[in-house]
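Worksheet: one structure, shown below.
For clarity, chains are labelled A, B, C, D, E and F in written order, and residue numbers in each chain start from 1.
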């Protein structure tokens, strides 16, 4: 039995509020249960030096957590003087994941920065960031297309992410914090709307897992991403 | 005429949503027009070294701004490797202001950290942070009193803040960003519910002002703080 | 009774030694009692990016304290890896204050950096820095005018600063360290020679003050700034 | 055809020199083709604060690259003032992977730090670090067991890692740098000697992959890890 | 001919003002020509961890330069975020040099920190810092002896330093900045009052020198240190 | 008697393996007894700003130590956030020393960076770095000359370095770690193949030395450098 009473293959309630802030070209507050992430997308004309003049676009991401998004207060990274290892790892994942779903030729030589800031955390913040980040990206690209700055849609297939893991010996979908902190195996699955894989990360902390278990988690993930993509489409229709 | 069409002595719409996040001992999302600040209060049993064993409590504050809270994206302070000078100045002000309204003997030897994170900025973020921060503090202290950890109320008089300035030659209350960026004189007035002064900061950028103008701004500020305290009381009743 | 035996409205002895160092375009060692600050002004042809090509000049300031300027040795900020919050706050104040007294069109597109380094501290270092910094600035501008690089004097009205506060229930002028560390209310008043206000900062640490008290401090400040401007004029005549 | 002329499922030549440095409790220079990593294991009696008094041991890892390990010189991270995001990500992976193969009760309350420093890089440095790091760890633990400080062997099953990816449309084992920089999909597979999975990371840069391709890479990885474990056993016999 | 018109073996005018600041246990402003260094000595009861409980004392030094001590303004090290390589090298030299002249048993388990801050630079700042630093140290130790905290004098033999170099092909004593920036060979000689050597550093920038030239510089240095020690004794008598 | 049983004027065994890594334009692993340093030379077309357009070349050096090169593990400088004072001092010395042996006109406007990374330390790492660094430099320059990019040899005279000191009252050559940690006087002597002096550093830690002792160390150093230059020539012939 899961602490939340959910079925093994049941996701938490998903809610998406687009336009949560007014300055960003795209913004959304995504809530996956008690995990709340504010995602904004910023369009800039400059691109990183290594693609200058290539005609290709770039999508990058940054991730942060408010000090009291968690059960006990965490030190603010700006006062610590640097982003922690976990933060760096997560924002690199978000950036790679979103880029995999972008036709960079169609985007044209511009950069979109997706900021994912966790207002409240209850497990699965990196997956919520990818799923919500794609919505902010979608809204920003819509603005470019409406203005005629981009002609052919660079976002052909949505990108969403779900965590699945082995909790109490059972494969479960969408781990919340109580599950996540106990799970022997924890995986993040980033896929497109057509179930193409972008990134798969499965990790055992202090244990190991079999190839069979890996396949069970993959099955759960395909179901979960399908539901998230439906929610993304509804929010950005 | 003000860009927003407001009267010279008219504040923007104030909205306060308490309990905006679930982990913090006190939390509120305060909206002063388009300036939105998420304030949380965290209670900890430890105090800073310089008051250890004194029996006195401590209240401190930290301030941050999400990268796209503003019209153009700002660099995240955690990647810059330090808090900027403006941030440091503001969070020191918030901490001093809230402390002035606290009976530190009544609070007892514990620390409350008030985090003020700007989700959306349109001028007056430091004043909104103080006003909203006091609400988070109030809610956290209520919890301490309910639990019997604190007997006599350490928050005898509310603390609120308003900015007033000289815009287009006229004294105006509660400057929004278009006014703030043009104002020749800009002041922040932090007072208690009984109109006792906690901190007064008046500053001319590239100009000067007279003692008469200073008094006009003081008059406006007294009116504004009165309205904010009414809103604070309503939100925490 | 004040610890120093001074009258309530009596300033400490003021001494100004111009040309204290030889490399700077302007320099002065200002002594306000036992507070000794070395101020230098450096002229550079470059200006900050945001005013490049505008024809306007810029004045900025930096502040530092030698490790043993104080009663107990403080850690050197260069080994701490950053300027502390107090330092940042003070140097921003010095810069803003001096800029308010400068006709930036008359100065022309050049930058003057005023460095204020406290050799010995006994309270009121930020006010001494502003008063002494203006002298260094005056001397540097004199050099520009003598060389014909600047035609019309950009420093029409001197800028000086004085701290006043409530000590032992009484309004007093020019707090020294023993008073400053006990004062319930502490204010810094930056004005021009014609008593126009540039910046007013009044702050209560752990208490509050009335509008009447604020006016008493203002009265003291006007007297004090008058005396400081007389000394500035004598030193730079 | 692979640039190196290798078969699709062929690993580069593996060479392991144990005892490469004399101070460390365990050390090895591992060469996987032209990728050379010096791994050392350091035993310390202290453990991280969060397990103090638990009786459990800890294994952690750090990763570095000499500035000219690569084709063009990279900036030294110590002069950059921090470890880059890639470094942090890699060393966290090495630490997690090695820990998964350790019986922390049997190790007892001590910490082993595995340093992996790349002397020469030609792709696959993180996998070589894990495979070589386990050898250094094995040697250090042997020393503990010989001294009687550890009774039951905490390293029941070796840990090794191999990268596999899709290069030119084909699944290939053990990518070298020319392949790695072209591969559309790149995976790192960390397993035990009994083919239990510890961590699986598959990532598409600018593309996607199917579940079938994922399974092909898994098959290659199982073969590769088998060969590496044989080499580890030979080197530490 | 030397730019200053001095003889080859002639030192600049030396002036020493003790008690230049009031808080430090010892302080002196030393002027070697136009090189002016403020030296303070701070006594603390704590010692570095590596000698705790040994009964031995410690002497350490820190070095700084005001931004406009030099001909063109240098960036403040506190804003650069770290001490530069030259600063670190110099302060380590000062510390080692002063320690060599201290009987650490006689000093007892306490630390004296000597801060050397260059107010105005014209070559030879590290040597002036050592010579002036010893005076501050002497005054601080006098205070300890007067108070009876130290019985036997830990400063048996003064420590002083002089730079000598090859300028325009000639060995010269006490290089000023114009000479220093042209000299092919530059040496710093730290000795005691009895001409025992503490540290000798001779360095050729873009050239080399012979053992004969080295001996000529040694001869000059012995003469110079003799004169400096006479000045030290006069100032601290 | 020396701990190693060596004669007073006997150097440790010297071994040099050129081409130790494949990417660098020049590389060598130098072993002086148990001190092992990997030296690489990187040629770049850019030069530092202060010589841009001068036609002159530049040689610079960086130094590092692997965390477990020493008897107890040292903190990695990249995680400490900066290079330590000792590191900075050493790499500046290596750079100066190598530059002194370079005809910068003949080198032409390009930069060669010599990285010296200590894989295993047993005293004398800075001297081994200079001696080995010159070999890497020699090999890189050979490549430039072979390619016709440099016509006249910029390395006319080899550069090598040896440490000599007073151990147990006796002057000894090439101190190893057990000697170095006990030596009262320690010197580093950097010379050319023709015995011209480049840099001489003699330092007493907690003691002093006489001019006679200095001359004895100089004699030893001349012998030692002669042997090292023979080894350099053999390795690069």
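In the analysis below, contacts are C-beta pairs under 8 Å (C-beta built on N, C-alpha and C of every residue); 3 or more make two chains touch, one makes a residue touch a chain.
In this text, all values refer to a predicted model and were calculated from it rather than measured experimentally.
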Length of the shortest touching-chain route, chain A through to chain F: 2
Fitting chain D to chain F on CA atoms, where both chains share a sequence, rotation angle to nearest 5 degrees: 180
Option reproducing the contacts of D-F, where over half of them reappear, out of A-D, C-E or B-C: C-E
Gap in Å, rounded to a whole number, between the CA centres of chain F and chain C: 51
Separation of chain C from chain D, taking each centre as the mean of its C-alpha atoms, in whole Å: 59
Where chain B touches two or more other chains at once, by residue number: 81-82
Chains in cyclic order, anchored at chain C, direction fixed by chain E: C, E, F, D, A, B
Touch list for chain F against partner chain D, complex: 20-24, 27, 34, 36, 38, 40, 42, 44, 62, 64, 66-71, 73, 76-83, 87, 113, 115, 117, 119-121
Contact set on chain E toward chain F in their complex: 82, 85, 88-89, 91-92, 96, 99-100, 104, 192, 195-211, 214, 218
